[in-house]
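Look at the two complexes coming up: chain A is in both, with chain B in one and chain C in the other.
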Partner chain A sequence: MLFSPAITRLVDVFRRLPGIGPKTALRLVFFVLSMEKEEVEEMARALVDAKRRVKHCARCRNLTEQDICSVCRDERRDQSLLCVVQEPRDMMVIEKTGQFKGLYFILHGALSPVEGFGPEELKIPDLLQLMKTGGVKEVIIATNPNVEGDATAFYIAGAARPLGIMVSRIGFGLPVGGDLEYADELTMTRALEGRREI
Partner chain B sequence: MFIKDLILTNFRNYEKEKLQFAPGICIVQGANGQGKSNLLEAIYCLCFGRSFKNYKDSDLVKWERPFYFIQGTVVLQKHPYKMEVGFETGKRRKVVKVNGKVDKKFSLEGNFPVVFFVPEDLEMIRRGPEERRRFIDREICQISALYRDYLIRYNRIIAQKNKILKENIQKKELREMLHVWNRQIVHFGSRIIKIRNEMISIWSSLASRNYACLFQESQLLSISYENCLGIKEITTDIEEIEKTFQNEIKKTEEEEMRRGYSLLGPHREDLLFLLDGREARRFASHGQQRSAIISLKAAQIQFFNDKKEKPLFILDDLFSELDEFRMEQCFSLFKGAEQVFITITRKDNYLEPFLEKFSDFSFFHVSEGKVMELKENGKSRTFC
Partner chain C sequence: MLFSPAITRLVDVFRRLPGIGPKTALRLVFFVLSMEKEEVEEMARALVDAKRRVKHCARCRNLTEQDICSVCRDERRDQSLLCVVQEPRDMMVIEKTGQFKGLYFILHGALSPVEGFGPEELKIPDLLQLMKTGGVKEVIIATNPNVEGDATAFYIAGAARPLGIMVSRIGFGLPVGGDLEYADELTMTRALEGRREI
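After this line comes the complex of A and B, so read on.
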């Protein structure tokens, strides 16, 4: 064997991370081994600590160290407006715009029977409960514009409508600042289908 | 469109071959099992980033080699495209590059006018419907990237829906979930139906003319699109198709829940070949079926010519069972192409009378994974 068992083990651990192949993993291992002992210990502690402390917000399922996350606790936010997203990073993208003043609900996935994601796994019953009791008047669904994201949007919309809640889906189409000639056929078709009167 | 050069590494029975081609007719001659079809397959691969026969990439790698690699230059409307297609068996990694840039979507599909014929195509009439659907999809994907996109999404939706139908869940909840997927089946399915209908009706009218004029057959050939909605005349109005589809899918819902898989949609359609209104599959002779298929191939050629494009033909073993009259008719079609690759097994000069009408043609001899261009003065030259 070329490397010691400890090194092989660490390579295997790094390889579990997304986007890390065997070569990158080995590079990371060599780097870690060249670091100061204290630094490595700090890194290991940070990993374990983050995993131990961070959990899902009881209300919106955002990642937080408290029971209720800081977004949900912010009283200046509009309680009647709810945005449903797939992943925490999608929420971050919307937050960055500063244009959305409502609250969020994070599904941590999309409906996909093939992968075993049903309404239960996405905690859609919790979402419906929130709609019923949380004073929500309008829901914006911002799931991804693919087959699973659309299915999720239709499912939530179908469940929300009997509650008298207004449901909308974020718009899809051309990227702002881009030229029309660079749009692929499907994006362009969707943009045409979703055109608006001006 | 034509292929200017081609380098094969570990592809099928080729270890390393460097080849150059000119526009015009390229005759590839060789005994059985020497690599003629593999050469044509490589050319197809170069244009579309995958094989035409549903082969896996790992099947294309030369025996016990770690990868295959195809490079070459495709010239389309005087503009050269440097194409590279590679696959590593160990990593299961496939890379397609166009002019040195990685092309993740293989988006060249939809850009290159290529018509190809493989002997298996002759079996299409007699085989099962999935064979004919594969033909429809393959051919339309080649000219419409949008169709390809619809199809990928549609197939994904069908897989999701079938999974739901097999799951053991309450009927009420099952119905709710079905609606979610059916809604998308109707959306993408209707668009697929619309495009299929448009393309098939173009092919049908051209093929029908070819069958009568080119092959002097007496019956009327028509190619009928057996759509899943059972409509005779499909409208061009997408909303109307969606409406019909929506109604039909609602009707099949109970049956689908009982049987546990999806029963309605473009994934259950067929293409019907009719001679004087009678099913060619059951009533036509072998020869008539062959003429029908070649009429359809010719229709594809004319389709490109109508769009003022000169396509590339890849014809594997087209002549082996054709009589002289039909061969002559086929050669008349080649005028519409910029480059034609034809494989033959026989060595004698039986093609010469046909070739006289063409100024640009070249001969290649294939033997055990080596290709030699045969020059007119009888001297041979090896590229490698």
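After this line comes the complex of A and C, so read on.
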């Protein structure tokens, strides 16, 4: 064996992270070993602290260190408008546009019978409760444009409509700046379906 | 601010690692937060443990948890043959060939006046001491084929020759399986210089 147990163990730990293969893991380990001891200890503390402190917002399930996150506490935001996303990073993408002034609900996943993700796992009952009692008038569903995201969108839409809530899903089509020539058939189909009068 | 301080801090910590930009760092943070608490704590411990336990072999400066590494302690290896590399990962690449049965010396860098890396920083005096007293008869220099690696190779060769040690450098040329068409001029020049009678 070429490397010591402590190195092998750290390589294994890095390999658990998404997108990190054996070569990258080894490169990261060599880098960590070249760092100052204090820096490595700070890194370890940041990991444990983040995991210990960060929890889900009791209202929207965004990641936060408080009971209710800063987005939900912001009284300037429109309480009647709710955007449903799969992951916290999706919420971030929408926030970056600066165009959405409502609140969010984060599913932390999508319906997937294969992976055993049903409505209970996604806390869809909590979402329904929020739609019933939170003064929500419009729901924008921003799940991913794939089988799981589609199924999740239809499920939520079916539950929201009887409550008299307007339900929409974000538009699909050609990405801005994209080239028609390189569009796949599914995207092109969605773009045709989503055509708007000009 | 969209994210909590503990998240921002962990993003910053991940961004210090090589090849990890802001987007990848955020993806890693979301993944860490989805891990079990025990797993995150294990990751933190692995970091601190590796940094605390792993040191440089007193002889070759390979990474090891002992005073002398397992390669240097292996009595079947040829003590008279020494391969000089820049980094521990370079040593690993050579070990993988299974062709080299001598010992190593790891410089942990290359001569670079710009970055303030002189012979002292690379512990080249230790290398010279080893060449003088360690029964070394042949040195193979396997520094990188770039300006710093070339300068380092010439410096070591100049110091080794007066000791009556045979000095060589690994061959440069076309990579096996590579295509002549895509070779750059420098590689092609080196390949021509390194031609061998068949």
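Descriptive notes on the structure:
We adopt the following convention: the second predicted complex is superposed on the first by the 198 of 198 C-alpha atoms of A that agree within 3 Å, B and C clash if a C-alpha of one lies under 4 Å from a C-alpha of the other, contacts with A are read in each partner's own complex, and residues count from 1 in each chain.
The rule is simple: contacts are C-beta pairs under 8 Å (C-beta built on N, C-alpha and C of every residue); 3 or more make two chains touch, one makes a residue touch a chain.
Note that the structure is predicted; figures quoted are calculated from it, not measured.
By the touch criterion defined above, A:R195 reaches neither chain B nor chain C. In the superposition on chain A, A:D150 makes contact with chain B only, while chain C stays out of contact range. In the superposed pair of complexes, A:L47 makes contact with chain C only, with no contact to chain B. With both structures placed on the common chain, the touch criterion links A:R27 to chain C but leaves chain B unconnected. Legend: residue contacts after superposition of the two complexes on their common chain; A:R76 is shown touching neither chain B nor chain C. Looking at the superposed arrangement, the partner reaching more residues of chain A, out of chain B and chain C, is C. Chain A meets chain B in the complex at residues 111-114, 118-119, 146-148, 150-151, 154-155, 158, 184-186, 189.
Within the complex, the chain C residues that touch chain A are 1-7, 9-10, 12-13, 16-19, 24, 26-33, 35, 37, 39-54, 63-66, 70-71, 87-89, 91-92, 95.
Across the complex, chain B meets chain A through its residues 105, 107, 110, 144-146, 149-150, 153, 156-157, 159-161, 163-164, 167, 173, 176-177, 179-181, 183-184.
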